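The chains carry the letters A, B, C, D and E, assigned in the order they are written, with residues numbered from 1 in each.
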Amino acid sequence: METEVKDQLVSIEKPELVAPPNWEPVIMGILCNWCSYAGSDLTGTSRIQYPPNIRIIRVPCSSRVDPWFLIKSLQTTADGVLVSGCHPGDCHYISGNYFARRRFLVTKKLLNFVGFHENRIQFSWVSAAEGPKFAKVVNKVTEDIKKLGPLHLYKKENFDKK
Amino acid sequence: MITLGSQGKNTFLEDVNKKSGANVLECYQCGKCVSTCPVSQYMDFPPREIMQMIKLGLRNESYMANSHWFCLTCSACSGRCPREIDIPAVMEAVRHLAIEENYINDSKKVKEIRKFHEIFLSMIKRYGRNYELRMMAEFNIRTRNLFKDMHLAPKALLKGKIPLGVKPLKSAKAIKRMYEVAERLEKNK
Amino acid sequence: MNYTKQIQDIAAKLFAEGKIDVFVGYRLNGFDDNHVPVLITDPQDVSKLVFTDKSVFNLVNYLKTDHTRRKRVGLVVKGCDSRSLNLMLTENQVKRENLYVVGICCEGVVDDAGQKMQNCAECVVPDAVVSDELLGTPSGQKPYTVNVDIAALAAKPLTERTAYFEEVFENCIRCNACRHSCPLCYCAKCCIDQETATLYNGANTTSAAFHALMTWSLHLAGRCVDCRNCEKACPSHLPLHLLHKQNESVIYENFQEHLAGVIPEDRGAFYKYSLKDPDDFIM
Amino acid sequence: MKKLTYFPGCSAHGTSEEFDSTLKLVLKTLDVVLEDIPDWNCCGATSAHVMTENLAYALPMRNLVLAEKLENTTMGIACASCYQRMKVTKVHMDENPELAKRINTTVVEEGTYQGKVDVKSMLQYFYEDIGVETIREKVTKSLAGLKVACYYGCLLTRPKNITNFDSPEYPVSMDQICEALGATATEFDYKTECCGASFSISNTEVVLNLSGQILAMAKESGAHAIVVACPLCQSNLDMRQPDIEKQQGIKYDIPVFYITQLMALAFGNPIDQLKFPKHIVPVEGALANIGKVSPVPEKVKKPIKAVEAESEVK
Amino acid sequence: MARVGVFVCFCGANIADYVDVPQVVEEVKRIKEVKYAVEYKYMCSDPGQGLIRDAIVQNKLTSIVVAACSPRMHEKTFRKALSDAGMNPYLLEVANIREHSSWVHQKDKKAATEKAMDLCRMAVAKSIANEQLHEISVPVTKRALVIGGGIAGIQAALDIADARIPVVLVEKSPSIGGKMAQLDETFPTLDCAQCILTPKMVDVASHPYIELIPYAEVLELQGFVGNYKVKIKKKASYVNFKTCTGCGACWQKCPVKVPNEYNMGIDKRKAIYTPFPQAVPNKPVIDAEHCTMLTKGKCGICKKVCLPGAIDYEMQDEIIEREVGAVVVATGYDMWDPTPYEEYGVGRFKDIITSLEFERMVSANGPTNGVPQRPSDGKVPKNVVFIKCVGSRDEAKGIEYCSKICCMYTTKHTILLHHKVHDSHAYVFYMDIRAAGKGYEEFVKKAQVDTGTTYLRGRVSKIYKKGDKLMVRGEDAQIGQVVEVEADLVVLATAVSAPKDNPELARLLGISYDKYGYLSEAHPKLRPVETAKAGIFLAGCTQAPKDIPETVSQASACAAKVCGLFAGDTMKKDPMVSTINNEYCSGCQNCVKVCPYGAIVTDEVPIGHGSKELRTVAKINEGVCQGCGSCVAICRSMAINLAGFTDPQIINEIVSI
């Protein structure tokens, strides 16, 4: 897959669909306020550079993330999603991320099962101190999703973007 | 006196960091390496000072120091370095850069060390293995010190410590080819 | 498997003792030998009751209706049905003291063509786990096997799965029959209702169907008992069990072999957690 | 029966022939069969990496590639220097596949490097794969009474991230093996100081100084003998000892054993097979501490055979 | 129809250099709900806020978007601006175009600008769904919990209690006093630690507003700011403190000897013991691990000799529950264990000791009566080598940070050594002398001149034994030579490390800690005393290494914070809490199970309008709810929403770009 010709980037799910020139993926990043959002702020204050494809949504806790948000993102605007929360044991709300972790696994597997590449749905634990890790995560996610090409699934009828 | 500030960007530091994979800037001059190093007393500049010289960008001075030739690569310093700097790798980087750029420290000791290594390598090139007796002999001849260690020779030979011959490799050609390719790689870097 | 006689007797006895207001069971549909659910309120009608391997539907679904809510109900449940009943009890939707449960040690039911249903072939808990009276001989819990369709699909390349499910969602007509037939879909407001269109994308498009069915199946993840009421109710014959079974297998494998409704008071997999849950898929 | 890929190293046929031969005796007792790497070559020692980067990787690489042709997953190396070069190469190649690919071009005819074979020093092999307890079980002649200073040198445990074996500052593996043999390991603070190794020929002055300090500390610790697992250490401490004594004006007279010599001795091998006569510093004084077995002259063969027979009966 | 105002900040050059701000403004003006958009140099400045206030009034705006730095930075500032203009402050949304765009995409202005536009679109879309919210008032329990009875905990407790606020002081060990009670004299004034500390300890014991619970630990903390419920486990002391007179007959007669923690194990205490003579409370406890009566059922001597009959072998651990409104955490620090320094032979050489062991030795009430001794042979050492930065500033073997106090206490030790052993000579291996503090540099200078201590600049690389001496080898970088010192005694200035129980405590309290295990403050500069969890404060070394003056300052600061919190009868609380729509709630109670705070309870409501029949629904306790949203995400029937992060708000964000 990696050896695909660069200027002929195609959607991995529907190889007949070719990415427009200079296509850049949109990644929806949903971050918990206390760890990952603070970590992403630290990435900023440390001036660590990362690709500009991610759009960040702040939620209080990863447990606020309804799987529905991921489905909605992929169905409408995003080519991939990243959800990030506090490390296990460090949740500001004690146990939120444990509940979230279960939902994430099932959602990821289900979306993959119905035909989304698994790399389109990614999760990370980033603490408030892990500015560099956040940049690393975004780098990886962006790189992964760029390889997958645009996500056309379920978008064509209701969303005619830009 | 050294005048700083006129040379612009410290390319020497960059070269050393790139080649060694270490970051010399991490050094905070605690000196643990110096008192650890078994041969620091023989060096013109002990490891701590070499690190500082690299930071100052003193390329020629560092190349001409005998320190990197005396480094035994025993890794004691890096094992104790509180900043976990791979000091032997830094020394090696300086040495390789000095060799590449043809900076020759021509003090007698360095010459001898260098000669030894060259003879050793040529031994391997020829036989694929080390031929100790011949190597020692050749070393003594080339350093014009014919009688060095001669007092040890009778005993050692008698006790069979140093064999009179060497069993060369069956595929000696393979070694020659290896040398050629390695040299080419060195040049193409 | 034929418990027609026993069930008729039990129902008659319950009415005679005044223990129930309504009995939920099966009757013949009137034109072939297949069964349909029946709500009996008149003791005269107990003779209509039947129970064989054609008694397919999960009757727990009828506990949602006004005919049964806050009434004393007699009810027949098979293994899978009883698990959904268990969840209804845990989730505070029915009161145990209002129910008289006739549990069946189920040997599997058959579809219209007389073939044993796939979920029965793969059934893990054939004996009713909640009952006041148990009919048949318990055969115990069976080993869990991954659904054959899931395994087959998972083995296919991604592009094939994509195409397959695109067709599935395209064929959905958003009639919500699946939701209505599911005993565990008792919410006052549902995510797949049309009226929540702005948020949930209610239009009748493939995209909306994808969105609705995915969200719906995740609401049932860790709760679905694989009774297949939804699939039987679907007018488009969508393979809805694929979504549920996929979730079920992930949950079973990763979350301490969780199976919905088998243990009393055990909630769905998403309402609890373990420190040992898999973490390796998270960066 | 265990099998082990063996890299003897150049000195096994020369200066450290006694290490090689006693190692084979020991492994016979431990029921390990050595399989030499076919047509192995020199590891390049210090000289290669002093002068050039590529050759320093290429020479060990050839041996690693050849070793992969044998079936064993572990390669045992007697010489500490060879061990370190081989291990450094392996670790760097495994960490950096790009580099591995590039270096592989030098030995392309031998094969492709896959990183299948683990590299261990013989000391590490004894300690990790054989185990101190197994060694203890095999002892038929305890070395009780002998006090030894275990000298590891630089290369067996350093750098920690390469060797990943024992402590780089105060290792104990060899001490434990010696204690298992019945000997007493002294508290010796110069266990991992450098002996000067690679300057043996080119810069003898340094060697005399460094090895001198090691001898002094060993003596200070109360040891009768030094035990090593490296040919370079042995030759520096043993062969150069008279020179050191002359320079410092102190008589040390402290023999330097290979760990395998002591193991072979404790396993009940006949003394005449242990190559003690090869030592420059006589070993008799130190061995007197273990009691009745004094070095048997080579002529007297009969009683030794009797000992051998006895051990076989057991 | 929503009327949104968008205010884009330059943040000086911070944003403007990497994001084309005017272009962003032009772009957002195209959104149909946006009725006003403007850029300004510093939105957070007073004129900037004025701009917002004026625009709200003039343009009849219904919600505001400020595109500037992180909302974690200035959300409060801008909310204030909204309320000043008479607008509900929660109609504000902040688009984080600094931390999330200009600072992280400095090499691609076009992409950074596009991203900033998208972030603005998202914020605008979200703000359209924003609702008016109002602060919540919660009643406050005016009692404070102080965890840890070292100097930090003592000071905090006394200051709070002096304001007539009741304090519960929980201490892990049998006596308060902490590490300071182990010190001999203190830098830079050399006053005796005992002399200044013990009066405070006695004050604690006798203060009418302080309830001292020694030999106890916190088990559980529930609730929220102003309304915490704490469970404390009081370990069985096997001595009835009410009847015990503290006469000491028991420990004098006890036959079991145990290494004495107070003296760093240099001497022995008994199995029934008071940690030190000035202990508060001065009542003994039985060490259950070593007492033969408790372990084997043999002995019972202490009970026999106790005239008041205070010994009770049957005593059980006791759980104490208290309601408190605020918590001060003052758990102090641990001394770092130098075992990883194998090259120093730590553990092999008896005559290498840590600085705290040295402190006990030179202490007048210490195990050697104030005269240092070599542990190996009891001789008084003449040549003493002090090694600084053992564990500190050493990422390879120890900890990256500077422990801050070692330079000063080592200086103090050279003086104490000089006082106690007149003919001794001290050698100090150091890397830097860090003497920043009032009177510190003067202290160092005086010590150097008065004691004649030899300072050697370099890290020690090896210690080995030669005869009965320890040879300490290091470089003196001043002369560029390797030196070896023949030492009788080596004192390692070991690092200050976080208490090993801190992570567990942090989890229990629901606060965060850093990679070293120190508890994290809410802001490193501006909120160094608070934690991120409202009502929990930090005092002393549990937050980071510090000396006594700083610790005491921070403890008093904690007291001020607690008093401030308790100033009114109620407390204001963020309105970002969950709300339940009864009409939608099906009463499944799954939300009750996932709420980490127990903030959801069940309620009964009529099944229909005017009906007498009831059905069960969930009910949120606003005061307890912390706004995590766990319940929202698992509510299938969409009955719960989280104010400020409602489903419509988030979905709007998702679909807006």
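Note that a contact is a pair of C-beta atoms (placed from the backbone, for glycine too) under 8 Å apart; a residue touches a chain by one contact, two chains touch by 3 or more.
This is a predicted model, so every value here is computed, not measured.
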item: Set of chains adjacent to chain B and to chain C; value: E
item: Those chains which touch chain D and also touch chain C; value: E
item: Reaching chain D from chain A through chains that touch each other, fewest steps; value: 2
item: Farthest chain (mean CA position) relative to chain C; value: B
item: Chain pair that, of all pairs, has the most C-beta pairs in contact; value: B-D
item: Inter-centroid spacing, chain E versus chain B (mean Cα positions, whole Å); value: 51
item: Separation of chain A from chain E, taking each centre as the mean of its C-alpha atoms, in whole Å; value: 33
item: Chain centre separation in whole Å, for chain D relative to chain B (CA means); value: 24
item: Where chain D touches two or more other chains, by residue; value: 168-169
item: Where chain B touches two or more other chains, by residue; value: 80
item: Shared interface positions of chain C, touching two or more other chains; value: 191, 270-271
item: Pairs of chains satisfying the touch condition; value: A-C, A-E, B-D, B-E, C-E, D-E
item: Complex contacts: residues of chain B adjacent to chain D; value: 38-39, 42, 69-70, 72-76, 78-80, 86, 88, 92, 95-96, 99, 109, 112-113, 115-118, 120-121, 123-124, 128-130, 132, 135-136, 139, 148-149, 152, 155-156, 159-163, 166-167, 169-171, 174-175, 177-179, 181-183, 185-186
item: Footprint of chain E on chain C - complex, ascending; value: 70, 91-93, 186-191, 196, 198-199, 219, 267-268, 270-272
item: Touching residues on chain A, where the partner in the complex is chain E; value: 24, 26, 28, 33-34, 37-38, 40-41, 43-45, 47-50, 52, 55-61, 63-66, 69, 72-73, 76-78, 89-90, 92-96, 99-100, 103, 127-129, 135
item: Chain E to chain C touching residues, read off their complex; value: 583-590, 593-594, 613, 616, 634, 636-639, 647-648, 651
item: Residue ranges of chain D touching chain B (in the complex, touch as defined); value: 10-11, 13-15, 17, 39, 41-42, 44-55, 58-59, 62, 102-103, 105-107, 109-110, 154-155, 158-160, 168-169, 192-194, 196-199, 201-204, 206, 210, 235, 239, 243, 277-280
